[in-house]
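Reading through the structure tokens given below for one structure.
Every chain is named by a letter (A, B, C and D) in the order it is written, and numbering of its residues begins at 1.
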Amino acid sequence: MKALWLDAEWNPRPEYKLNKRERETKRAYRGNQVYFNPKLELREIPKPEPGPGEVLIKVKACGVCGSDVHFYEKEPDGYTMYPGHCKLPVVIGHEWSGVVEEIGAEVRDLAPGDRVCVEEMAWCGVCTPCRAGMPNQCLDLEEIGFTMNGAFAEYVVTQPKYCWKIDGIIEAYGDEEKGFEVGAMVEPCSVAYNGMFVRGGGFQPGGHMAIFGAGPIGLAAVGLARASGAAKIFCFEPIPERRELAKKMGADYVFDPVQLQKEGTDIGEMIMDLTDGVGIAMGVEAAGVSPQTYPIMEETLAIKGKIVQIGMGGERTPVLLVRVQYQGASIHGAVGHSGHDIFPSVIRLMAAKRLDMLPIVTARFPLDQALEAILRTSERRDGKVMVKP
Amino acid sequence: MKALWLDAEWNPRPEYKLNKRERETKRAYRGNQVYFNPKLELREIPKPEPGPGEVLIKVKACGVCGSDVHFYEKEPDGYTMYPGHCKLPVVIGHEWSGVVEEIGAEVRDLAPGDRVCVEEMAWCGVCTPCRAGMPNQCLDLEEIGFTMNGAFAEYVVTQPKYCWKIDGIIEAYGDEEKGFEVGAMVEPCSVAYNGMFVRGGGFQPGGHMAIFGAGPIGLAAVGLARASGAAKIFCFEPIPERRELAKKMGADYVFDPVQLQKEGTDIGEMIMDLTDGVGIAMGVEAAGVSPQTYPIMEETLAIKGKIVQIGMGGERTPVLLVRVQYQGASIHGAVGHSGHDIFPSVIRLMAAKRLDMLPIVTARFPLDQALEAILRTSERRDGKVMVKP
Amino acid sequence: MKALWLDAEWNPRPEYKLNKRERETKRAYRGNQVYFNPKLELREIPKPEPGPGEVLIKVKACGVCGSDVHFYEKEPDGYTMYPGHCKLPVVIGHEWSGVVEEIGAEVRDLAPGDRVCVEEMAWCGVCTPCRAGMPNQCLDLEEIGFTMNGAFAEYVVTQPKYCWKIDGIIEAYGDEEKGFEVGAMVEPCSVAYNGMFVRGGGFQPGGHMAIFGAGPIGLAAVGLARASGAAKIFCFEPIPERRELAKKMGADYVFDPVQLQKEGTDIGEMIMDLTDGVGIAMGVEAAGVSPQTYPIMEETLAIKGKIVQIGMGGERTPVLLVRVQYQGASIHGAVGHSGHDIFPSVIRLMAAKRLDMLPIVTARFPLDQALEAILRTSERRDGKVMVKP
Amino acid sequence: MKALWLDAEWNPRPEYKLNKRERETKRAYRGNQVYFNPKLELREIPKPEPGPGEVLIKVKACGVCGSDVHFYEKEPDGYTMYPGHCKLPVVIGHEWSGVVEEIGAEVRDLAPGDRVCVEEMAWCGVCTPCRAGMPNQCLDLEEIGFTMNGAFAEYVVTQPKYCWKIDGIIEAYGDEEKGFEVGAMVEPCSVAYNGMFVRGGGFQPGGHMAIFGAGPIGLAAVGLARASGAAKIFCFEPIPERRELAKKMGADYVFDPVQLQKEGTDIGEMIMDLTDGVGIAMGVEAAGVSPQTYPIMEETLAIKGKIVQIGMGGERTPVLLVRVQYQGASIHGAVGHSGHDIFPSVIRLMAAKRLDMLPIVTARFPLDQALEAILRTSERRDGKVMVKP
């Protein structure tokens, strides 16, 4: 079968100290410290076969994520730019949906023909965090499209416990094509959902919301804010195409933060004015530039306001804690999308058309042109680029 | 000024034991045990004057509530049917909005011309529950339109701490007339909001919701469910006109429970089918017939599901606790609408047009015909009947 | 090896309708509707062998639970009295600790010599509730000592994901004998913990607490209340020996409810007096007689108070919901003890000696006399009866 | 009457921009930017008289707080060191208890002879945050001992809504002297309680806890952690006398962070070892040196762990948000002690002897020597220094 194959040399930087698990499993926690000279190519590989507890899924749609682009991009010294957990070689692609084609002998809850989307985080289910209901904190995590073969391919083998049926979505859109595309976006929406409603604990309807960054996670956050009772929704994003998408998803105000700064606009003051001095009940950091977004959030936090940290950045962020204190506010860290009823909740929101992500799909490529899809995404002016067989 | 005046004889039933506070204050906890031969009439009374810490408000709209009707209706033996807290004589009317006309010398945060809606619960602010932020549990509660003169009148005097500005609503509707009507419905919406989001603690967006009763509180619950991320919304209501309104407010399924029972439909099974076996994340009891609604809710509670009890009924409700246990579910009791940022949250939802209550206003009467408005409401086929000066 | 073997005839009562899963798996949801003529005997059975993902554990201590007694007791018509989920024949015993003796080839996180206690609920980990972090609501639950062989035996085979190390406890008691006994009580303590802190969501330290029933779960609730900041702790229990144990566990007031009623004491009034009118922040129903305990709890609920329902009873309980409403209170249903970090939290409390359950062990029997241990427990005057090899 | 009188010149630093409220009320938000040349002296002032809604309280004990010392201390350029909200001249002293001596005509809930402690934060009760149950975020806050006359004096006049009866405490200690001292410490304990249980939302019993700083707030946090179910309690404090007090309050491990660093101990690693890799469920920052304590907390946060920020510091703290994210953790800001049932909860914990603060009183002075008490406190080796009439 065809698959988008990523390989690189295992060549840990001299200053990077591999830990025991990394040495044993060859799963690097920080890809860009270990993998040199990454190469991405569409190649023919054997069609996988499901084990007794596994399922074989024919891929119908797979979205391109920023990390797919980072894999491909190189640091000046030739290492991959992807900073996270990975094990190469691997078929990449992790935002996807498809049809169950074959099931292993022990599988009971899925059947051939079932239409599903799939979690990217392959949590173990037996470590202490997993047993505590915290699979996003799994101590023995594998990741589809990062440490296990993913979905820029014709087929993927995985476990039923990562699969969720999307019949409701397909029915709502009245069209399999569209339904699978939307189903492929359950994963990024679930990342936003986890931050806002699980780790962040939600907000009282009628609160104002500010979302920083209008990449796919930020756009999902805008859509979720709209669906779940935010009063006014502010979105900050420098790329014009994405600001347009943010409006479509339901943002009331979209701003280019770079432009505002150029003009000398005091962003905090502006938000306070537009909210009649109330401020924001929740600020979602989905831009990955916390040192720039925190000063705005600190200044505009409503009483009891929450900052939800989803974007990743390696460096320390200077936080004016005294503002968090005076507002009786809090900061909530989030990674992942598994557990907590997140996937089924997002699917139900989509099936009820409370959350419509379809408008953010701005480009589609066949699997044969998966590499072009990655290149296109690297231009960073799309909502979501979709690869389809 | 004109006012709708309710009077009755203080004639405690022989078997009813007045407590100390009732004897001292003549505020009866249970009106129907004390007040005999109620009479309601539009009469001329002196225009009230605000004290130093008070404001005088010119009423612009006042909705008719079920309790206004109960006041008027008599038990067969001549006592008022209203079972709650009251002190007669009193001007009734407690769901209202208006314009500040005059302020007392000590008032700082309101000014003549301010357009406001007003809490019905006149919490003391100094008892232990009030100091704990639980004004709906105030130990020295007065109630506008029940123990203090209300808003089926040209003017009301009250304290600024019960008033909330509604400029945002008026601006959103682009029309003072409509804005004041919507503003007059902040109170009943806040009763639903308190149950669902404060005492009930909300629900994860994407959960299904069942609302029992489509009177104004139930209709507000439907609208709030729609605004805040419910997936499928079920509403049960025997009156056809109200079922239509429930649809307008956003219910996906509306049913006549009486009809369903006649037809032998297993309501619980039906809900479980329509939710693909998931059940309801929240059931809102706004019908006041818990013994009939609990069996349905128990059968259909999703895991972690919540029952929110808003409707009032004097009797014990037989609850199958083992179902609540097996589902890891909970039951949350709610009264009132004050505190917890409720009024401002509802106002912001309305101003952002996330919650549009205007469609439920199905009849309007001038103050001169306030008595007709009460009579009309007693037919129980309207959404909200509005009295306007 | 020796094991306490329970068998009975599969003979469903004519009026009991087996569902599909019951017919397929022979796991009865309601034992007393299906199993006729139960017989309990100590017999020799083959020592089990662990599969590749399993561990063999040598039992060191196993407490007798009320359900063990119910298994043995017969209804007048010859059916077992045990009303719950079971599949016979089975080795009973589910509150236990032991030493890992052998591990399967795939087991990584446990090693021979490890000292552990074990969850009774063998949750599947893949159904929707399990994936949502709600293993106590597992749709495909097996139960050790009910549907799988339990721990009134020399050895048990189970999965590592149900095991938790108790080294901390053994170290704290400085004695393996005592440590294993305490470890065998992690399970019942976890049932109380789940109700109070997970499903019930805990209480603000300094609240008063009332616990109904001083069986092992109730005694654990008293100990947990004491450990976690209850101000005054009330315990109601008709059996004098258990009242004494409740005092040892930290109850400030212990009462015989039967005696109080005989004397005509108004229990609600008494609690309100003893709490200076504040009432109870949490009431724990661990007596299984909700129709008798709810009137007391309703009368004494503090504002925002919680009722935690742990005791099981088949019938509907008449609840005065209006009291729950006026107090802004709530009712929380609970079953089970798995997930949510419960076992490790209880183990840490025990290891830190914040919770000392040892005093409630009032009788000890060798495995040879396991039947006598059951008989002794049926006298219902002990705290916990312990069976040891 | 005698009173400890603080005066200074109103002389705003040229670079400090007074806002409108500061100009109008002469209440400076940042004392050290405005008040020059502070002078503290015991002087004779008129005994105050209660207004109609007020009470006159005879002071029985008043603790010295760090801010009292800061008032007295001068920056090199002659401004007061106290950085917060104040209005001079004022009688300082805000951690106190006393006996009601006289009540105004409108006061109902207090009577002469009542023994009370008093909130320091004189919240208005009518601003939006107050109405939302968030008095610690009051927009029109006055503070006893900062902007209104305080309790290093024979008498104080205040409002009943800030007073809480302490009969339970006095009864528990069997001694008025001790009871009033303990009662005077309800305020600092409430600051810790607000952070840990209200803004921080508490922790599941059995979690480990780390407290940074063993001043009175930190010591209260240790005592509260001990009372409410922490497993292991770590306390970090450089002053040896305070480390001893932390042990008395219930800390299991006390460390001198300065010494540890000198020795090259990796504090994070040490905590992880001592908690068997679990980490801390809650870290309490009560040292006011966040840039030093956050790295330790970040490294040791348990999954779902919380950082509670109580200590104040003007500067930004560099936070490694990615750690907060990976642990699914959160940071909670806290100021104040009012509302949320905090004072009565702390009083009940003290009356039940779950929290015993008496051991931290290490010095006592008569009112005549109040200045000496301040000086003594400035040596920073005491627990709590108490001034008594």
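As a working rule, a contact is a pair of C-beta atoms (placed from the backbone, for glycine too) under 8 Å apart; a residue touches a chain by one contact, two chains touch by 3 or more.
Everything numeric here is computed off the predicted structure, so don't read it as measured data.
Shared contact partners of subunit A and subunit B, listed by label, are C, D. Annotation: A-D is the more contact-rich of the chain pairs A-D and B-D, by number of C-beta pairs in contact.
Taking the mean of the C-alpha atoms as each chain's centre, subunit B and subunit D sit 41 Å apart. Centre-to-centre, using mean CA coordinates, subunit A is 43 Å away from subunit D. Touching two or more other chains at once are residues 132, 134, 304, 341, 344 of subunit C.
Against subunit C, the residues of subunit A that register as touching in their complex are 109, 125-128, 131-135, 160-161, 338-341, 344. Within the complex formed with subunit A, the subunit D residues making contact are 129, 132, 134, 136-137, 199, 290, 303-304, 309-310, 312-314, 316-335.
Residues of subunit A touching subunit B in their complex: 168, 193, 197-198, 202, 204-208, 224, 227-232, 252, 276, 278, 304, 340-341, 344-349, 351-352, 354.
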